[in-house]
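Look for chain A in each of the two complexes below; its partner is chain B in the first and chain C in the second.
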Partner chain A sequence: MASLMFDHVKKRYGNSELTVKDFHLEVKDKEFLVLVGPSGCGKSTTLRMIAGLEDITEGSLYIDETLVNDVNPKDRDIAMVFQNYALYPHMTVYKNLAFGLKLAKEPKEKIDVMVKETAKILEIEHLLGRKPKALSGGQRQRVALGRAIVRNPKVFLMDEPLSNLDSKLRVQMRTEITKLHKRLGATIVYVTHDQTEAMTMGDRIVIMNEGVVQQVASPDVIYNNPANKYVAGFIGSPSMNFINGRVIEKQGNIYFTTDNIKLPISKDNTNDLKNYINQEITFGIRPEDIYTDIKQVDTNESLVKYTAKIESIENTGSEMFLYFSVDGEPLTVRNKSNPNIKVEQKITLYVDMNKAHFFEKESGTSIKYDRLLTDNE
Partner chain B sequence: MRAEILKQPTESLVGEKVKTKKKFNKWPYIFLLPSLILYGIFYVFPFFYSFVLSFMEWNLISPDKEYVGFDNYNSIWSDSVFWKSLLNTLIYVVATVPLSMMIGLSFALLVESVSGKMRETYRMLLFIPVIASIAVTSLVWQLLMNPEQGWINDVLNLFGLPQLNWLNDPNVALWAIVIIGIWKAVGYNMILYIAGLKGIDKQLYEAASIDGAGKWRQTISITIPMLSPINIFVFIVSVIQSFQVFTTIHLMTQGGPNNSTNMLVYQIYEEAFMFFDIGKASALSAILFIIVLIITIFQIRTMEKKVHYQ
Partner chain C sequence: MEIKSNKYRLYFKHILIISIIFIMLIPFLWMLSTSLKDPKDILGGGIWFFPTSFTLEHYIRAINETLFLTWLKNSTIIATILTIGQIIVAFLAAYAFSNFNFRGREILFYFVLATMIIPEQAIMIPQFITINNFDWVNTFTGVIVPNLASGYAIFLMRQRFLEIPKELSEAASIDGCGPLRTLWHIYVPASIPFLSAIGVLLFVSHWNDYNWPLLVLMQEEKMTLPIAFSSFQHEGLVEWGPTMAIATLSMIPVLIIYLVLQKKFVEGFTNSGLKG
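For the complex of A and B:
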């Protein structure tokens, strides 16, 4: 297994703008790193640069301290799982798994042992004689994983490997890949646009947007201490609520205000906002940090009451999402399913101001970020 | 109750479907009619009528046709020219088809590996023989192959190789026809292979390159097997076309010298329009049809197993 080092890596296609702007990161040995972001954010390009399928325009990439910028894919000792599997359609599952080993000139007996062992791990022994077209989506996915595992490479690269599976199978494969990671002790770089996959699988998550790394951190930190408004909005479903307003000071207390609301800032956050008095900022609160029932909460120190009319409701069975409008901006509240809550009803909301996030209006940078980061250390 | 409720919408749906089906739309058939008539007159009718004629004796002009049973076929079995032209045809097919396929594939791979504007230029240049009039190009080849002034012999001379009497030497003439046949077919095969190459998923090459395959290995392990559906198509079409070689022979050698370039279709032409023996010509056509049919069925049967559709 191995580590990866990106030293200010940039990628440009032709004369266009940079697709990946200054990617600088170390992937540790045995780490499960997830690159996540919307389509076109540069995550797949970054992965393909590791694979050697794309040239690096600027910067250096090291695998285990070896500079690999000009090393051919076949000499990098990596394996890749593709989104549409890319199994060789004319070869049986056995031959698909054996292909890489055969090219590495491993002896036949050894290949046979390795292929069968891998098939056993992935429970695809009974499929070895079949061709890919006779397999279901989930089975193809397993074969694609097998083709990567069998070669015991330094680094595994996975490019949205689960996005072609149905949701049930996706959840199942998610756990299996996580287990596989532990079992193999492998270094994995995993690309996805699905935040749930990112949050559940990654040791660390890299959130990218428009070619720029927004934040690199563990799922926990990403969720609780997003570095900026983009990350805050990207992770979490439904997304974090954002309201633009102004910080004001009145009789020693600090408030966040808009035309219609005035929220007292909780003690914990007061210091952060002192420098922003009379400035425009963006207030952010996750749908799960607003309650409809005060009994749901242990402490009510930091709770602020707010009454609003429900505009619409989405019921998922176990929970319901309530949609409001605050100063013309949408506000979502996540609540346990409750048949007594109806559309058009006026309801009291309790906003947990301790959990509130604040972002600089122009740059979107989190105002709390630095404090929380040192708090955690 | 519930069953009734379910039944109602189903019925009305079916009813609508039937309604649209019932309304016969004559226009598609009217538009098809002219081509169907032409197809009938020039393809379907002659096809069946030639089978009938193969049991007749007829000189194309006289109103009388005489039923002669299998006489025409019997005369063919004992005709040494038939055996000679059948052998020539088989040699021509066996030489032309694999070579034109291999060269066509090589050109396709080479042209696709070129980037930018030059790719289109090469593609166009290599395709010219396909669209150029065979009558014109036959004359050009005749000039090139001229033993005294032809460029081909000049080139051979340049390298100190023996000069050949291309079209007049019975041992060489068939090969001259083969060369022209390959030259003419390569461009078409190349275009088909290029279409096939474009249909191969790029990720297969990426997967293979990560698996450790170099360019050559990728061609052998990915490109060629993935082209198998195109291969079978090119193979069958090439075989059928090669069996029907005619124009080059008609214009350049007239089957000579000494029947060394006589082939089935040219012999049919000779029997029909030079010797006016329509019966024998029709019998030859029937034999050619059966040979091609058997070969095609055999090809499809054996190759279907080796074809990999993505």
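For the complex of A and C:
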């Protein structure tokens, strides 16, 4: 297995703007790295640059300390799983798996052993004689994975491999890929637009937008300490609530205010906001950090009460999402399912101000980010 | 009522189709019947073209008095080599046009298309002078080499290759294939049905080539079947019986190939959206 090093890598198609702007990152040996972002953010391009399917415009890429900018895909010792599987339609599953080994001139007996072993790991032994068109989506996905692992490459690249599967199968394959990663001890770079996949599978997540890396961190850090408003809004479903307002100071206390609300800043956050007094900022709070019942919370030290009218409700069975409007901006609250809560009802909300996030209005940078980062260290 | 009118419409369609088929078949039937008629009946039979007499004499003469079997061999060699050669060139060129990004790709492809537009007659003389410089006049090489690349085949093959998902060649390149191996292991197998169709189309067209072989091949024993039709045409007299016998015999190989690959042949026409 291997490490990867991106040294200020940039990609431009023709004379257009940069598709990937200054990608600088080290992927550790045996790491499961997930690149996530909306379509067109440059994540697939980055993956294809690792594969050698796209040229690198500027910067250097190293696989195991070897510069690979000008190395052919076949000489990089990588394997890739494609979104549409890209199985060779005229070959049986066995031949699909054996193809790469055959080209590498491995002896026939060894190929046979490796193919059968891989088929066993993925439980596709009974499919070896079939052609891809006689397989279901899930089976094709397994074969595509098999084609990657059979060669025992240095790095696995996966380009949205689960996006063509139905949701149930996707959950199942998610677990299997994670297990496979542990079992093989492989270095995996995985591209997805699905934040759940990113959060559940990755050791580290790279969030990209418009060709720029927004944040690289473990799922936990990404969720609890987003580097900016983009990351905060992208990860989490339903996404974080944002309210624009102003920081003011009154009698030694600091408040976040809009036309209709005035929220006292909790002690923990006071220091962060001292430099922003009388400035416009964006306040952010996750839907699960607002409660409808004070009993749900262990500590009420940092809770702030706010009464609002429910505009609509989405009930998923185990929980419900309550939608409000605060100063014309939408506010979502995640709550346990409760048949007594009805639309149009006025309800008291308890906002946990300790969990609040604050972002600079113009740049979107998180105001708490640096402090939390040091706290974690 | 509606069912009835649909039925009439169907009858009408069938009658129309049968009439068109009949009109197209008449020359063939006439050829066949002339080749089987007694020489006396050929010119004296009026417009009734079915043979009233029956003889294989013309066929025997065609085979015994001419170099028919040599011509058959010549036609087979030339048409086969041209077909295979054009397919190989088309594979390589189409792969480059569909998979490689290079400067001037579009312009080059327009040039390829232009070869389909320029009539053969327009370039015949310069082409003849060229092969003369190579000393290829009156050789099969002279007939074959200038025609080894077919714009038509390259165009059709490129359209086919564009339909093959790019991920397949990317997967192959990661698996260890260079461009030629990708072509051989991925694109060729994926195009086999299409390949047989285009192969038949090319073979038939080279089997019927007339102008260029006529110009290049001078000796009787080098000729191909279409130019050999004139063997029984003398000054002021055409011996229709043996001429038609040669025509009938020369159709047989093409007919066999067509019948074997009929389904794909038709597919080839329909998919190309072009006439052969």
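To be clear about the criterion, the second predicted complex is superposed on the first by the 377 of 377 C-alpha atoms of A that agree within 3 Å, B and C clash if a C-alpha of one lies under 4 Å from a C-alpha of the other, contacts with A are read in each partner's own complex, and residues count from 1 in each chain.
The working rule: a residue touches a chain if its C-beta (ideal position, glycine included) is under 8 Å from a C-beta of that chain, and two chains touch if they have at least 3 such contacts.
Keep in mind that this is a model prediction, so the values were computed, not measured.
With chain A as the common reference for superposition, the partners chain B and chain C occupy clashing space. When the shared chain is aligned, chain B and chain C each come close enough to touch A:103.
Judged by the touch definition given at the top, the superposed model places A:67 against neither chain B nor chain C.
When the shared chain is aligned, chain B and chain C each come close enough to touch A:53.
In the superposition on chain A, A:113 makes contact with neither chain B nor chain C.
In the superposition on chain A, A:294 makes contact with neither chain B nor chain C.
With the contact threshold set out at the top, residues 51-53, 72-74, 78-80, 82, 84, 86, 88-90, 99-100, 103-104, 147, 151 of chain A are in contact with chain B in one structure and with chain C in the other.
The touching residues of chain B, counted against chain A in their complex, run 201, 203-204, 206-214, 217, 221-222, 225-226, 228, 308-310.
If you check the complex, the residues on chain C that touch chain A are 165, 167-168, 170-178, 181, 185-186, 189-190, 192. Contacts from chain A toward chain B in the complex involve residues 51-53, 72-74, 76, 78-80, 82, 84, 86-90, 99-100, 103-104, 131, 133, 147, 151. Chain A makes touch with chain C in their complex at residues 51-53, 72-74, 78-80, 82-84, 86, 88-90, 99-100, 103-104, 147, 151.
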